[in-house]
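Quick heads-up: structures coming right below.
Both complexes shown next keep chain A, but they swap its partner, so chain B is in the first and chain C is in the second.
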Partner chain A sequence: MSVLYFPGCTLKNKAENFDQSFVSSMAGLGVDMKELDRWNCCGTVFSMASDDLMSQLAPIRNLLRAEQQGADALLAPCSMCYNTLARAKHFVAQEPDRLEKLHSFMYKEQGDYKGAVDVVHPLAYLRDSIGFDLVAKKVSRPLEGLKLGAYYGCLLTRPSIVSIDDPQKPEVMDKLINALGAESVYFEQRTECCGSYQTLTNLAVVANRTNMIIRSARTSGAQALVTSCPLCAYNLDQMQREARKHHSDLSPMPVFYFTELMALALGQDWKSEWTELHEVDPAGLLKEHGLD
Partner chain B sequence: MMATETKMVSMVVMGESFRVPEGSTIMSALEYSGFQLTTGVGCREGYCGACGTLYREHGDYKLKGGLACQTVVSDGMHIAQIPFVPADKPSYDLEELTPDEDSFKKIYPEIFRCVACNTCTKICPQDIQVMDYIQCIMRGDIATAADLSFDCLRCGLCALRCPAELVQYNAATLARRLYGRYLAKPAVRLDRMVEDIKAGKYDEEIESLKTMEHEELKDRYYKREVRTK
Partner chain C sequence: MSPDIMHELDRIDTLSGQMISLCMQCGVCSASCPNVLEMDLTPRAVMHHAQLGQMDKILSGKTIWVCSSCLQCSVRCPRGIDLARVMEAFRLVKLRKREGMLDPADLDPACSDAPPILLVAAMRKLTG
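Right after this comes the complex of A and B.
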């Protein structure tokens, strides 16, 4: 199976730790994966207007290019990119007219999109194509003693047509956490919305949600949160400072990308540049468990 | 000897039809038709980007773009010259910027409105992957943006066609400036040359060129040594 990687814009700047740890983890697992050549923005937020074909050009062109480059699967680790690409694929598959209109607009793209490439989230790929047993076997530095709360947010499991797991009781990230030798901790707010783009205009909404989610995780015994979404990571990590303005007793909790933990468990070193991209420094927690 | 008859084709300039010789460029056809071009014309060699033109060919719905000096007229072609593209021209200090997407958020924040429709790429007379370089800028890959946009002549057709109202060519210029200032490998030989010039190594030669007779200057120019590597 030919696998290409769709990083998306954020992984190339504000979430380089996500990009680097994903690439090195997949190499560590022996997956032959290349970055999609000439990718463009995923389209960011999936357009809900059924006649808004313009917004589908970005995701469909990415899928077309992935097909032209011979991919069977396009791996999109960012939850937002995954959601937008997967929904666009479904959107054009529903009605052939939509794709026909897009094709007549994209007449310089050298070929039509056939719908052959699968949009796959790496968590689903680890579960279905590699298997968590094999991941566990490859772990050279088990994350023993770490208690981690898998935060799913919205985009991995909603809407159901693109959900990578049971939308009410997802477990795929928990299984990965356990395969890496850490302990996954169930907490009530794991599928709640982080506040999303309210972070641009309505800080108080996000501050309150951040407070609520982190408290929920801590009450259940988690020492850190794990996510696959740069926007969730921003709201849960960077916005803790804002949350503390409203809830002064909120103590800091580190937020990891699942790939950072995977890279660590597969024996790779934590990079100091990654720490700079975290608001709450995870160094103390990692040191406490001999993982620095 | 009989004169060879030139085949004529029709060209429609802003609604008015003209008969022009087949094989003419749009620019020469305009002048053949009696237009005196005082704007929307420059080097006539495809280098300056002054003669951006929009056209549709007979029987084709597609709106195309080209340089008037490089595009050959086809029979029944409708054309409109675009002598100028209005665009704000922000001033900035390269020393205060960083070679990443944050600089563009400050100076050209509208580029993040790109919906990746690729209309800019479709119209570009230089066959530049315009949308691709905008996407590179959006994710902070300034070096690739500078490389992809290198052949841009700033004719402005991309900016006129963009549904998100970006001014792509201005962003590309900033990308190349940032590349030159921060990312390009230092040109050691250039630095050495500048030092030599400052030290007066070429003063005498320049002075002699300044006073040289026209014919000799021409002769020297054509016999000059061209280093390719």
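Right after this comes the complex of A and C.
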């Protein structure tokens, strides 16, 4: 199976730790993966208007290129990219007429989009194509003693048609955490929204969401949160300072990308540049468990 | 219901691809919404006002802007209504008249530190 990687804007920028740890983890697991050539913006948010075909152009163009480059699966580790690409694929599959119009906008691309490439989230790929048993066997530095809350947010499991797991009771990230030797902790807020793009226009909404989510995780015994979305990571990590303005007793909690933990467990070194991309420094927690 | 109200309701139904008349006012949407405390109308109330053709109440309120399209209501609605699409349709009724748009000039300069995923998502959602 030919696998291509769709990084998206933020993994090449404010979430380079996500990009680097994903690429090195997949290499560590022996997956032959290349970055999609000439990728463009995924579309970021899926347009939900029935008449808004233009917003589907960006994701479909990426899928067309992935097909032309021979991919069977396009791996999108960013939850938002995954969600937008996967929903766009379904949107055009529903009515052939839609694709016909999109093709007329993509006349400079060679060939037509056939709908053959699968949009796959790496967590689903780890479960279905590699298997958590094999992941566990490759772990050389188990994350023993770490109690981690898997934060799914919205985009990995909603809407149902693109959900990578049971939309109401997801467990795929918990299984990865356990395969890496850490302990996953169930907490109530794990599939509740972080406030998304409201950070820019309605900060109070996000501050409240961050407070609720971190409190919920801590009450259940988690020492850190794990996510696959750079926007969730920003809201939960960087916006803790905003949450603390309203809730002064909120103590700091580190937020990891699942790939950072995977890289660490597979024996790779934690990079000091990654720490700089975290607001709440995870170094203390890692050191406490002999993982520095 | 007057023809005008029918026309308005029809427009939202068409834009969202949903049938607002199916809503039975159970309130599962409001109970599921993580941002309901920040709203002036609960999601259930939005559906009720829409059924009655009271579109101005919805369009002049906060709720459609506080909705973050997290889809918790959409996956739980027992009538199968995708409420997030209804909210998006109302936002677009405003945005397509260039009302309620996010103006980059109003943003806090500190947001230049924000990740592109945030800036692009907000601009796409709030400029139509």
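As a convention for this text, the second predicted complex is superposed on the first by the 292 of 292 C-alpha atoms of A that agree within 3 Å, B and C clash if a C-alpha of one lies under 4 Å from a C-alpha of the other, contacts with A are read in each partner's own complex, and residues count from 1 in each chain.
Methods note: a residue touches a chain if its C-beta (ideal position, glycine included) is under 8 Å from a C-beta of that chain, and two chains touch if they have at least 3 such contacts.
This is a predicted model, so every value here is computed, not measured.
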- Would you mind checking whether chain B and chain C clash or fit side by side on chain A after the superposition? fit
- Partner chain in contact with A:Met106 - chain B first, chain C second, else both or neither: first
- Where does A:Cys9 make contact in the superposed view: on chain B (first), on chain C (second), on both, or on neither? both
- Item | More chain A residues in contact [chain B versus chain C] | C
- Task: Examine A:Asp51 and indicate which partner it touches, taking first as chain B and second as chain C; both and neither are also allowed.
- Result: second
- Message: After superposing on chain A, what angle in degrees do the C-alpha centres of chain B and chain C form at the C-alpha centre of chain A, to the nearest 10?
- Response: 80
- Query: Does the superposition put A:Tyr234 against chain B (first), chain C (second), both, or neither?
  - Reply: second
- Item | Shortest span in Å between Cα atoms of chain B and of chain C, once chain A is used as the common reference | 6
- Residues on chain A in contact with chain B in one complex and with chain C in the other? 9, 13, 41, 43, 55
- Item | Contacting residues of chain A [partner chain B, same complex] | 9, 12-13, 38-41, 43, 54-55, 57-58, 61, 105-109
- Within their complex, chain A touches chain C through residues 8-10, 13-15, 41, 43-45, 47-51, 55, 78, 80, 154, 158-160, 167-168, 191-193, 195-202, 204-205, 208-209, 212, 230-231, 234
- Provide the residue numbers of chain C that touch chain A in the complex, in ascending order. 14-17, 34-35, 37-38, 65-66, 68-72, 74-75, 82, 84-85, 88-89, 92, 102, 107, 111, 114-122, 124-126
- Residues of chain B touching chain A in their complex? 62, 100-101, 114-118, 121-122, 129, 131-132, 135, 138-141, 163
